[in-house]
C-alpha cells in the first residue's frame, strides 16, 4: 500500500507542476492512508509482514536512543536515526505491546531519516526499528525495562 | 476537541530541527473499553511540499511530541504540520524556520 | 538532668501564652509550645473541611500526639513511659494463636488504601506496610522509612510472646515507643483483628515468603 | 519556546544530585526534554487574556507582586505579602484573588474546579504554568522581610512538623530524614535548603505518570489526603504557610520550571 503511494508520488513529481496541481485532491486523500492491518496486528512479525517489510537484516546503522529503564510506561521517549544511505521509511515497534506497531514514517526528499517520539509500553520489551532503504529492509532492537506499565487506566 | 498545537523550527548545524506538540488524549482501547481515540496521520510540509508522512497508533503517548529533522533549510522556510485522528478530527499549525 | 530542664522550660513557655517562639534557623526543627499547638489546631479547624470519611475530629490531638509535637518526637522518659503503658493496656489482645493467613497479610501489606478521604469506608483497607518496610524479599518496590522486616520470623521464631509483640506493635506502635513514626493501625480502626492477625502471619509464619 | 530549545544540560539541571545516581536518571532527562509543557503554557496564556466573570475583564491587569500585568519574574518573587489583601499569598491564591477582585467572580465560582485531570487541566493549573514560565531562569526570591512574611514562614515551619490525624502523620513523617523512600519514591527533606532548592525550583509541573498538570496547592492538598487528614481549603493560610516555608528554604535557586514530575 505504502509502496504504491510512494510510487505515485514520484510519478507525480515527474509529471510537473500543472499535473501535480490536478492531483492535489487525490494526493490529499491518500495522505489519510492508515495501514489498518499492520496496526491491528498482534505480533511484531505480523505487523512487519503487513507493512511489507519482513525479512529485515540487522544493521548497526539504525541508532535507537532510549532509556534502558523507564519509570513509567505511559511515556517512553524513543529517538531513532538511520545512517543507512537512502533510507525512505522507519517503523517503530514495541514487541510486547498488545498492538506492537507504534508508528511508521515515510521520509521524502527534504527530510532526514530521524524521528523522536514518546511511546506507551505495557511492559518490559524489545523496541524494534525497521528502516527501508533502496527497497531493502534493516532492523535494530533495544530492550527497555518498564517499571510501571502504561497502556491501561 | 482539537486543542492547541505548538511548533518550533530552528536551524541547527546542517539541518533544521522541527519540534511539534499536539493536544490529544491518545486514548487506548484498554482505557476506553474499546473506543480508542487517537491520531492516525501526521504530515510535515516545507513550503507546501510534503516531506514526512507519519502513520501512528494508540501507543503514542497522550499529548504527542515529535521531533523531525529536515535537510538543509533556510530562515523563513514555511513549515506546516497537520494531523488527522480516527474520529475525523484534524488540526494544523504553521511556523517559519528561525 | 535533661528531664529537669524540660520541666523547667515548659511552664515558662506556657506563661507567655501563645508565645511566639524565637525564630528557629533554617534547616532545624522548631520548638513548639502548648500555645502553638492550640493555635495550630484552631487554624486547622478553620482552614480544613470534612471530606468523605475524613471528619474534622481528626484535627484534635490526643495525648500521644501532644507529647510528641511538644518534644520534637523525643520526649523525656518520665513523660513517655506512662503514656506507653496506657496505650499498651488499651490493646485488646485476642487469646490463642495470633498467626493468621499470610497470603491475605501480603495483600494488606501491599495495599496503600485506608482512612483517606478518597477511600470508601467499609472497603477493605490496607496497612501501607511496603510503603515503609522491606517485607517479602520478592517485592522489590519497598520503602525504607522503617526497618527491613525480611526474615523477621526466621530470626525470632514465633513463640506466643513474639506473636503478642508483633500484634501489639501493629495494633498500636505507640505502646512500645511513644513517638514511633508508625501509624497505630488497630487503634485508629484502620485494620481489624483478623487483618492484624494476617499481618502477624506474614511476618511469623514459617511458610510466609518473608521467612524463606 | 524555552523547553523546545532545552538542551540535555538544562534538563540535567532539573534533577537533584541524588536523581543522577538513580537508575531512572536517563529516563527523567529524556522525558523532561520531550514533555508537552508548552502546550499548557499556551493554554494558560489564552486564559490570562480571556475576558471572564461578571465584569468581563481579563487577568491582564492582575498584580502578582511586580505591578499590574507584570509577569516577568513574578512567580520567582512569590509567595509574598500583598498589602491589598493584608496577607501572604502564593501564586494560586493570588490568581484567585485577581479572579475575585478584577473579574468579579465569587470564590465558589473561581474554585469550583481548581484541580483538573489529564483530559482537562483546570484554569488554575494552566494559568500557573503560563505565569511560572515567565520566571524561568530567574532566582527565586520569595518575600522574607515583612513581619507577616516572617510569621507565615514560622507558621509553615511548625505545620511541617505538626503530627495529627488517625495515622499521626506530619509532613516530616515522610519528608523528615535524608535518604529515605516510600516504595521507590525518593523523599526530599524539604526543611533543609539542599533538598528544597532542586525541588521547589520545578513547580508547577507536568506529571508524567498521570499526563496532568500539578501545582503546589494540589501537592499540599494531596499530601494532607495521604496524611489521612480532612481537606485543606484552596488558598488557606495553612497551605500558603507550608508553600512559603518550603519556597523560602529554596531561596536563591534559579527557577527551572515548569518542569516534569514522575
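The first chain written gets the first letter, and so on, giving A, B, C and D; residue counts start at 1 in each chain.
In this section, a residue touches a chain if its C-beta (ideal position, glycine included) is under 8 Å from a C-beta of that chain, and two chains touch if they have at least 3 such contacts.
All of these numbers come straight from a predicted model, not from anything done at the bench.
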{"item": "Farthest chain relative to subunit A (centres taken as mean CA coordinates)", "value": "C"}
{"item": "Separation of mean Cα positions, subunit C and subunit A [Å, integer]", "value": "53"}
{"item": "Centre-to-centre distance between subunit D and subunit A (centres being mean Cα positions), rounded to whole Å", "value": "39"}
{"item": "Rounded Å distance, subunit B centre to subunit D centre (Cα mean)", "value": "30"}
{"item": "For subunit C, residues contacting two or more additional chains", "value": "141"}
{"item": "Multi-chain contact sites of subunit D, meaning residues that touch two or more partners", "value": "34-35, 184, 211"}
{"item": "Residues of subunit A engaged with two or more neighbouring chains", "value": "74-76, 116, 118, 147"}
{"item": "Overall pattern in which the protein chains touch one another (line/ring/star/complete/other)", "value": "other"}
{"item": "Contact pairs between chains, per stated definition", "value": "A-B, A-D, B-D, C-D"}
{"item": "Touching residues (chain side subunit B, partner subunit A) in the complex", "value": "15, 28-31, 40-41, 43-44, 46, 49-62, 64-72, 84"}
{"item": "Touch list for subunit A against partner subunit D, complex", "value": "66-72, 74-77, 116, 118, 147-148"}
{"item": "Subunit D-facing residues of subunit B, complex", "value": "3-6, 8, 10, 19, 21-23, 25, 61-65, 67"}
{"item": "Interface residues, subunit C side, partner subunit D - complex", "value": "20-21, 23-24, 26-30, 32, 36-37, 40-41, 43-44, 46-51, 54-56, 58-59, 61, 64-65, 68-69, 72-73, 115-118, 130-132, 141-145, 174, 181, 183-184, 188-190"}
{"item": "Footprint of subunit B on subunit D - complex, ascending", "value": "1, 4-5, 34-36, 38-39, 42-43, 46, 118-119, 211"}
